[in-house]
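Can you keep this structure in mind? I'll have questions shortly.
Naming follows writing order (A, B, C, D and E), and every chain is counted from residue 1.
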Amino acid sequence: MRRTVLPVLAVVLAILALWYVAAIPMNIREVLTEAERAGAEVWGGTAPERQDRSAWALVVRNPDLAPAGWSQERPRLPAPHQVVRELYASTIGEEVFGRRGFVQTGEFSNRSLIYHAGVTLGATLVGFLIGAAAGVLLAVGIVHNRAMDMSVMPWAVISQTIPIVALAPMIIVVLNSMGVQGLLPKAIISAYLSFFPVVVGMVKGLRAPDQMQLDLMHTWSASGGETLRKLRLPASVPYLFASLKIAIAASLVGTIVGELPVQRGGLGARMLAGSYYGQTAQIWAALFMAAILAALLVWLMGWLERRTLRAMGVPA
Amino acid sequence: QDAVTLQLKWVTQAQFAGYYVALDQGFYEEENLDVTILPGGPDIAPTQVIAGGGADVVVEWMPAALAAREQGVPLVNVAQPFQGSGMQLTCWADTGITAPEDLKNRTLGVWFFGNEYPFLSWMSQLGIATDGKDEDGVEVLKQGFNVDPLLQRQADCISTMTYNEYNQVLEAGVTPEELVNFKYEEQGVATLEDGLYVLEENLQDPAFVDKMARFVRASMKGWQWAEGNPEEAAQIVLDNDETGAQTIEHQVSMMTEVSKLIGESTGELDPAAYERTVATLMAGGSDPVITAAPEGAWTHAVTDAALAQ
Amino acid sequence: MANAASLSQTAAPVIDARGVNLVFETADGPVQALKDVSLSVTKGEFVSFIGPSGCGKTTFLRCVAALETPTSGALTVNGMIPDQARRARAYGYVFQAAGLYPWRTIAGNIRLPLEIMGFPRAEQDARVDRVLKLVDLAGFGRKYPWQLSGGMQQRASIARALAFDADILLMDEPFGALDEIVRDRLNEELLSLWARTQKTTLFVTHSIPEAVYLSTKIVVMSPRPGRITDIIDSPLPRERPLDIRESPEFLAVAHRVREGLRAGHVEV
Amino acid sequence: MANAASLSQTAAPVIDARGVNLVFETADGPVQALKDVSLSVTKGEFVSFIGPSGCGKTTFLRCVAALETPTSGALTVNGMIPDQARRARAYGYVFQAAGLYPWRTIAGNIRLPLEIMGFPRAEQDARVDRVLKLVDLAGFGRKYPWQLSGGMQQRASIARALAFDADILLMDEPFGALDEIVRDRLNEELLSLWARTQKTTLFVTHSIPEAVYLSTKIVVMSPRPGRITDIIDSPLPRERPLDIRESPEFLAVAHRVREGLRAGHVEV
Amino acid sequence: MTLVLLAVLLWIGAWALNGWLTRGTRHRVRAVRMAVPLIFGVTVLLVWELVVRGLGVPTAILPAPSRIGATFGANLPLLWGDFVQTILKGALSGLAIGVAAALVTAVLVDRFDVLRRGLLPVGSFMAALPIVGTAPILVMWFGFGWESKAAVVVLMVFFPMLVNTVAGLQDTTGMQRDLMRTYGAGYWPTLVKLRIPAALPFVFNGLKIASTLAMIGAIVAEFFGSPTQGIGFRISASNGQLALDMVWAAILVGALAGSAVYGIISLVERWVTFWHPSQRT
């Protein structure tokens, strides 16, 4: 325990320190412009002239003004405490004290990241299930049918070079025109991103049994279905979970991408709204929320993996 | 009740207050309409949505609508709530830009995704090339969603709407004196914004025309209500915003500016303004937005029916 | 083929190979894995195959089990072609590694072929119990493979091959991965098992003492192309204590095997 | 430690172990891998270690090579502690698998220790050539490991261990993965190699004939806890044709080893 | 409708053909190995064409492949410019920087165990930050040019590359390491002569993942601000103009570039890690 906690803490502290230091030069120009508007004397000439000077020079020559970079309204790089404050305000703060918060209304407020994380989570899980199921089915097909293996596999690789993210708005419009609305279009994009790792992992996993194990099945004249159920599927479980962990993270990205164009809630919509109104702290808070969600989902997969493997008698 | 799906051009904000108010205040219901409002967003093209059958009527800018018409999506303007144009180019005054000619050799932020047409027409009328920074050309950036390029001085000028981005610049602490605005209207290159468009073939159906008439009537009622009650309208918009990211202050100020653009509008398209828009779009030099004057791109049939009552 | 089948009917050998050839087409050209292999095995025999790596021992066993098909020649098992015999579940196959499925208990592993062959549940249980006792693993049924030593795992895999009472036991270097002392033990046990069940057994090994100790017939093979160089009928009695390995008869047979091997051996 | 070192100075054994103990702390509690192991090896001896799996053969070799550190007891190599000897590059270690790096040619693999030890380039080439000839692999230097048979790979790994002329050759079941015939060949070659180079050799094996055939001294070990149960000085002459394995002296030693093994062996 | 029916028949026919081609030992023939995926791809395109025509799908929704091809051919100079902007400047420079940084970090992480235990968990958390969120921030920091695209790519490829390389550096057997120890080899010889060669297959694995990510990352970042050139810009701007044929032509550029880079990496892998079992078939 201590062997991991201490190094992680050290790294986190180092990152925080770096972050605080970086926030000063990152925000210095805007800080100086504001100070100038407020009538302060600023080193470095006019705003356009300052544009050509190095940020560090501006920091060093305006030492009293520089620390304001930690408390700006619209920072280029918000200081960690600003992000944390926003994260708190848009979760617990909003739900407990907000006008539309959970405590007041019994429903999660649409101004809170908890609500939006929920929206995203729903579509992610649906998309993940679709993607994982499609991936497993495709892998079974590929393993059992050489024609499918040879024809589909190269195209599956190429399909991943298509910037689906760029296509997301189009896909949503097209699906919309076919009457598919709400959670499903997002889930489909999410499924598209998650099926590939599952296919790759499952094909590997279903092919994991060695010739000897397959020959055994053959000497018992087991059918293809029996070999699949009693040998290939159990043998593929570790591979399956390894790819599910990648897939669920990809799923989340897919959902967020699907939420960008349609401003109907979810962390993606939230990030964009933050960006749209220049609310840097809001983007960062949504971003961290997404990362936390991803970490939770991956952890969940790991937990399921451990449970499954234990149930299968594999030593812990 | 008749179902109507309305696709907006952009995210839920006071720019579309009239429709939300009509929905919220039951004006649509009074007209026996069941209206669904689909918010837009970046990279959602209302023209594409309606072409695919995802909406009955869309809020769109006329340049994009006419361009789509040439692309084979026969859109027809049935109503024009916005009489004025809110588009402008906002520049830092300290860059020394005072007149359109000063734009040469500068970096400008422009919205694309079908919103670039007015800008391109304007530049071609000024004889300024848009493919690079030089003596008689400008460098064009595909502006993102916000006003950061200006604040960070990555661009000398950016596109803003009087009712939205311009306010955002001010909200960021910039004083109006620090800025120079080129309103498209004042430059004589204004194009009609935020009209209501439907597919031409649907207008053959009298029932559809009637439905649209009721829709436009209720929507205009909503706009009037919104103009009269900007604070409440802003709150209604806020309540309909599923992202929960809007602030009441910003929406109220947006409502105030939008009111100016709507003015005394009845929703009826002013044919003169239409002709002006078409002229601007066709004047685009070697690469005009539309190549031929469109036929039947607007109708008063719906507004006539709406105003008849 | 019909001819071979009718012949085997009269002489009733369990396995009858006549001029079996098998050529693998590989990227580097054809490999003659078996050349003109003829062999007849009668019921209840214990036949060992010995020979250097690549001489076709495994390939021959796989042909018998219908896991490969000879390029030419006649091969019958119980008077049928091997694939029919496979469908009739005539084989219990034991590989070099135990090859137990790690996600099944020992009992579960032994039950697997029974499940596939559709034995009723009660019958499955009974058979699993019986073969577990047979290989001296009673009480270990609920353990997982990794909880057992290598020798125990190998015995479990033999139990698995015995569970469905196949006529023929095919063993491809079943004890190759085990150390000498464990191997001695298992050899002893295998011999007594064979004495009790009287199953026809084909056994591949690299070890001369093992081959001589276990077999009623020793087939010496030689590679490139894989062929039979000697077939030795063992003069040893059926009853064989471990000490027999230091007897002169034993050493004589071992010597003949070694000579046969050395003759066929070309390059390391 | 100082005491042990001074002692070895006088008697000059190459390897001197006195009451070596090694306990591994594992998740399931401590495992006594070596208990009270005492052994003295003089220059030029060929010592085989035999015993069932887990008796500590590998562990003892690793202690000698300073890959493990004994928990207690005194162990010196050339009068130094093993780690000093390691830094002085006193060991050539040959593992069970050839362990050649697949991205290097045979010559490149043999050159590897020479590069690390900073031999000049010309010297490297000369040595590589010499040891390739020594193990009968001249002409194979530019092949990659996977293009060679298992036996050839194993010879290459022996060549690699010989290339830098270490005082002591440590071999941990170097032929365990090979078939009996190849093994016989390599045993013969190893013996002649040893006769020519007179390197002190510690050799781990599972095979009784191998141990008896090769060694001047056979150490029989027994597991749980790992300890030495018998040390047999071989009465066989240094000159040993393969046939010696059928001689009465050989069989007598083999019998003694087998008895020693059986005594120490508890459960399969 | 007949066209749609034709599409269905075509699909069944092609499937049967591929089934026939892959039966028995025919699939070992080189020409067959090439033909089968090609037949599949061509079939998909033909079915697409027939369905679009048969159902009269508007071009504003989905253009036919023939039209996409025509647009692609007619706009080669324009698309070449986009390719240079997005792939050569944005994606490849970002890929190079990200990969180099990851390799150096991997060696450090491998050397200092504390770093491994501290950095990898934190790193995996950072890697979970979705790029659609970080891209607007990076555009704000690094401007509208290719530099911000490269920055997005660096962020995207760094962690997968790091994880793979670290795994690779540790993928040596105890025996291989012990061998080095018996030679008295120190850290650097062991790194150079053992760990790095052993890590190469993993490094290439990571490179393959990273290269596809790089293409996608560079394109996506252009959605959040770009000059008036680039694949992402083209997709977005053309989509707004309902020029869907141009959108797909730009996507084609991206897919071609991605596949080409992937192919090149696979070739180099085959050449450099020729010794690895997976490359020896």
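Simple rule for what comes next: contacts are C-beta pairs under 8 Å (C-beta built on N, C-alpha and C of every residue); 3 or more make two chains touch, one makes a residue touch a chain.
Note that the coordinates shown come from a computational prediction; the quantities given were computed from them, not determined experimentally.
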- Note on the structure: Every chain in contact with both subunit C and subunit E is listed here as A, D
- In the touch network of chains, how many steps separate subunit B from subunit D on the shortest route? 2
- Query: Which chain pair has the highest count of C-beta pairs that touch?
  - Reply: A-E
- Message: With centres defined from CA atoms, tell me which chain sits nearest the overall protein centre.
- Response: E
- Note on the structure: Relative to subunit D, largest Cα-centroid distance belongs to chain B
- Item | Chain centre separation in whole Å, for subunit D relative to subunit C (CA means) | 34
- Query: So how far apart, in whole Å, are subunit B and subunit E when each is placed at the average of its C-alpha atoms?
  - Reply: 38
- Roughly how far is subunit A from subunit C, going centre to centre by Cα mean, in whole Å? 55
- Note on the structure: Cα centroid separation, subunit B vs subunit C, in Å, comes to 83
- Task: Specify, in ascending order, the residues of subunit B that touch 2 or more different other chains.
- Result: 42-43, 45, 48, 51-52, 144-145, 148, 152
- Query: Can you list the residues of subunit E that touch 2 or more other chains?
  - Reply: 61, 136, 140, 223-224, 236, 239
- Query: Going by the touch rule set out above, which residues of subunit D reach two or more other chains?
  - Reply: none
- Message: Judged by the touch rule stated earlier, which pairs of chains are there in contact?
- Response: A-B, A-C, A-E, B-E, C-D, D-E
- In their shared complex, subunit D is touched by residues of subunit C numbered 52-53, 149-152, 179-182, 185-186, 206-208, 246, 251, 255, 261-262, 265, 268
- So in the complex, which bits of subunit D are touching subunit E? 62, 65-67, 86-89, 91-93, 95, 97, 99, 101-103, 112-113, 115-117, 144, 146, 164, 170
- Note on the structure: In the complex, the residues of subunit E that touch subunit A are 15, 18-19, 21-23, 27, 33, 36-37, 39-41, 44, 61-62, 114-115, 117-119, 121-122, 124-126, 128-134, 136-137, 140-141, 212, 215-216, 219-220, 223-224, 231-232, 235-236, 239, 244, 247, 251, 254-255, 257-259, 262
- Within the complex, subunit D is touched by subunit E residues 173, 175-176, 178-185, 189, 193-194, 197, 200, 273, 275-277, 280
- Of subunit B, residues touching subunit E in the complex: 42-43, 45, 47-48, 51-52, 64, 67-68, 71-73, 112-116, 130-131, 139-145, 148-149, 152, 154
